[in-house]
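Dropping a structure here in structure tokens format, bear with me for questions.
We call the chains A, B, C and D, going by the order they appear; numbering starts again at 1 in every chain.
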Amino acid sequence: MNKSVDLVRDVLDTQVLDREQRPLGKVDGIGLELREGAQPRVAYLEVDGVTAWRRLGERVARWAQKLARCWERDGHPFRFTWSQVRDFGIDIEIEVDGERSAPFDLEHWLREKVVGRIPGGR
Amino acid sequence: MKKLLGITLGIVTSIGGFLDVGSIATSAQAGAAFGYSLLWAVLLGTICVIFLVEMSGRFSIVSGHTIVDAIRKRFGFAGFIVPFAATLLVNLLVLASELGGICVALQLLTGIRFQLWALPVGLAVWLLLWFATFDVVEDGTALLGLVTLCFLVAIFTLGAQPRELAAGFVPRLPSEEHAHYLFIAVSIIGATIAPYLFLFYSSGAIEDKWDKSFIAPNRFIATFGMSFGSIISMAVIVVAALALKPEGIRVEEYEQAALMLVPAFGRWGFYLFVASLAIACFGAALELSLASAYSVSQAFGWNWGENLKPRQAARFSMAYTLFIALAALIVLSGLNPMKLTLFSMAITAVILPLTALPFLVLMNDARYMREHVNSHFSNIVVLLIVLLSAILAVVAIPLEIIGSK
Amino acid sequence: MKPWAFALACLALCACADQQEQELKRAASWSATALAVARYWLQGDLPDTYAKHALEKASEELAKGPLPDASEPVNEMIEAIGKRDQLAMRRLIADLEKR
Amino acid sequence: MSRVIELQRYIGKPVRDADGKDLGHLHEVRAHREGAELLVHEFVVGGAGLFERFSVAQLAFEVGFIFGIGRVQGFVVPWDCMEFPEDGKPRCTRRASELKRFSAERPEGK
């Protein structure tokens, strides 16, 4: 894998896959740690719908937050560090089990509340 | 051998899937009001859609991405959200028109008002998506869609004059009713270059796991599939011109369009029209619901795929469920189906640049396309037709609104 | 007066000028529709349910248009279909053609 | 002391140089791998290829690129000359004249 990485072109809004290649979401946010006298380092990469909507403005983000509260298990967004990245190319593959991570909260909520109840949704 | 099957299937599905409520309604009105003189609009739309469909197949094959997925990555969330929302809204209007088309077909058959059919028809479309897999949905409806070939047969039984037909391909304004002529031309182009067509095609290429060996077949499918499909659309114009125009019948409601196959097939004509309308709209409704669920899932990075059971892709399945429900409500509200269809097609032409141009940028980005980037010729063709139809639409819609008051 | 407002105004003007002409055209189209439906029905090419439904639609539109009296023969056509009275239908077709 | 910023909120924002002159929009953040870390070495300001908000002008600009109209140009700002104040407006501590310029036919390919 080549050394240089452009954070906007190659990382932001890139598809994130979990250990079993299942789509987890897109990189909606990048946490950059600014340090005194040392190069800024990427502290975390974030996959969270509300973070994405916040890029459009605070009002939109508040709406997204209200909505997300119904299915979010724990309040804070899903973050992973660069060291967890296993493969980096067209998509970013990370060492995480998607099923149990925050981005799948909506998926689980829908499965229990709606899909599970409809016959044939097995 | 598998490739050959893939190609023939690709062409068949494009023929069956090409015609929808938009092409039937706009072509019927065009033929009845202006005879052959709007054939050029279908041709123009077809040329553009051939390029766009070929490009969307090549894009998925080479980059491994779908279009929506890549537009977000290339332009960022804030840059992508406006074209995305506009396309979704138009998809909803077009889906409502498709469901409306099925309900009207049932109204013609039974006399029961179309609104009462809205929920049962919405449920039928939803049930097929909920229980069937991608192949059944795509291939089944397309094979049924071949019934629309009856319009082609009707041309020969009604004896169209080739010389007059050719004249229809030269664009020229009629002596009067310029505004309405322009509006129908734009609606035809919007009906022919429906964004969901190439978004669906690009997701299908990923779903069918097309690899590099499919680049040539993809070009073949796009060219022949779309051209055969558009020939049927042109046939509807010709049949309307031969069967309705001489009688002085202008198509304002589907009840009038339903007469157009009677001169060619007698008692069967009416039933063939109703079957074509219902099947074409049913196929298009399925494709449109899937295309919209695909684009929402690809925009937010959810797992997607019609081959996945609803439990495996709950967000994807709920996306098309919500979409169908909203569209059914629009039909239930009793909006005039023909007017809704024509305006949805015209609005499709207005927002076409918002989808086609970002896609054009992607097709010229070496990071995605490597050596398969677009040729200058296809860039120019797509750009010209897309901008032309958008400008025409922005002019035609207000005139039509003023005219019809 | 902004230029586009001026343009819109004169567009609206010429639009209503041919408004009456549009109305006449629509009425002619709907009566032609009624005639076609009646004729095809006589030849046995149209099912009764559709024929009645299309004629109801035609008479509704004609009643709204500039020649409302044209909707009377169309209403009688609907009854003719109900009674399957082909003779009356032929007479009504002739009557509507004269209008 | 160190501070963590949400980088995506600065992307596409206008960047001022030491004299307050507008350098263009923050367009790219170039980093490289150091062991398990990802360290930023420079910022690219100005140029095109990024929508802060969707704008028809930006789309026209991008389409122009396809036909070779217009060029991508801007400045390369080393990591230690870029500040990210709380007000969300990135600032460069050097003057435009002191910065390395870049100019390319179209957004650089991979």
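Please note the rule applied: a residue touches a chain if its C-beta (ideal position, glycine included) is under 8 Å from a C-beta of that chain, and two chains touch if they have at least 3 such contacts.
Every value quoted in this text rests on a predicted model; they were computed, and no experiment measured them.
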Interface with more contacting C-beta pairs, comparing B-D to A-D: A-D
Please tell me the distance, in whole Å, between the geometric centres of chain B and chain D computed from their C-alpha atoms. 40
Centroid distance [mean C-alpha coordinates] between chain D and chain C, Å: 65
Distance in whole angstrom between the CA centres of chain A and chain C is 60
Quick check: how many Å separate the C-alpha centres of chain A and chain D? 24
At which residue positions does chain B touch at least two other chains? 76, 78, 81, 367
By residue number and range, which residues of chain D touch two or more other chains? 11, 50
One finds touching chains in the pairs A-B, A-D, B-C, B-D
Partner chain D, residues of chain A touching it in the complex: 1, 3-9, 12, 28-36, 39-43, 51, 54-55, 82-83
Tell me, which parts of chain D touch chain B in their complex? 11-12, 50-54, 58-59, 62-63, 65-67, 107, 109-110
Contacting residues of chain A [partner chain B, same complex]: 8-9, 12-16, 22-26, 28, 47, 49, 52, 55-56, 90, 103, 106-108, 110-111, 114-116, 118, 120-122
Interface with chain A, chain D side, in the complex: residues 1-9, 11, 27-33, 36-41, 50, 79, 84
Quick check: in the complex, which residue numbers of chain C touch chain B? 8, 11-12, 15-16, 18, 22, 25-26, 28-29, 32-33, 35-37, 40, 43-47, 49-50, 52-54, 57-58, 61
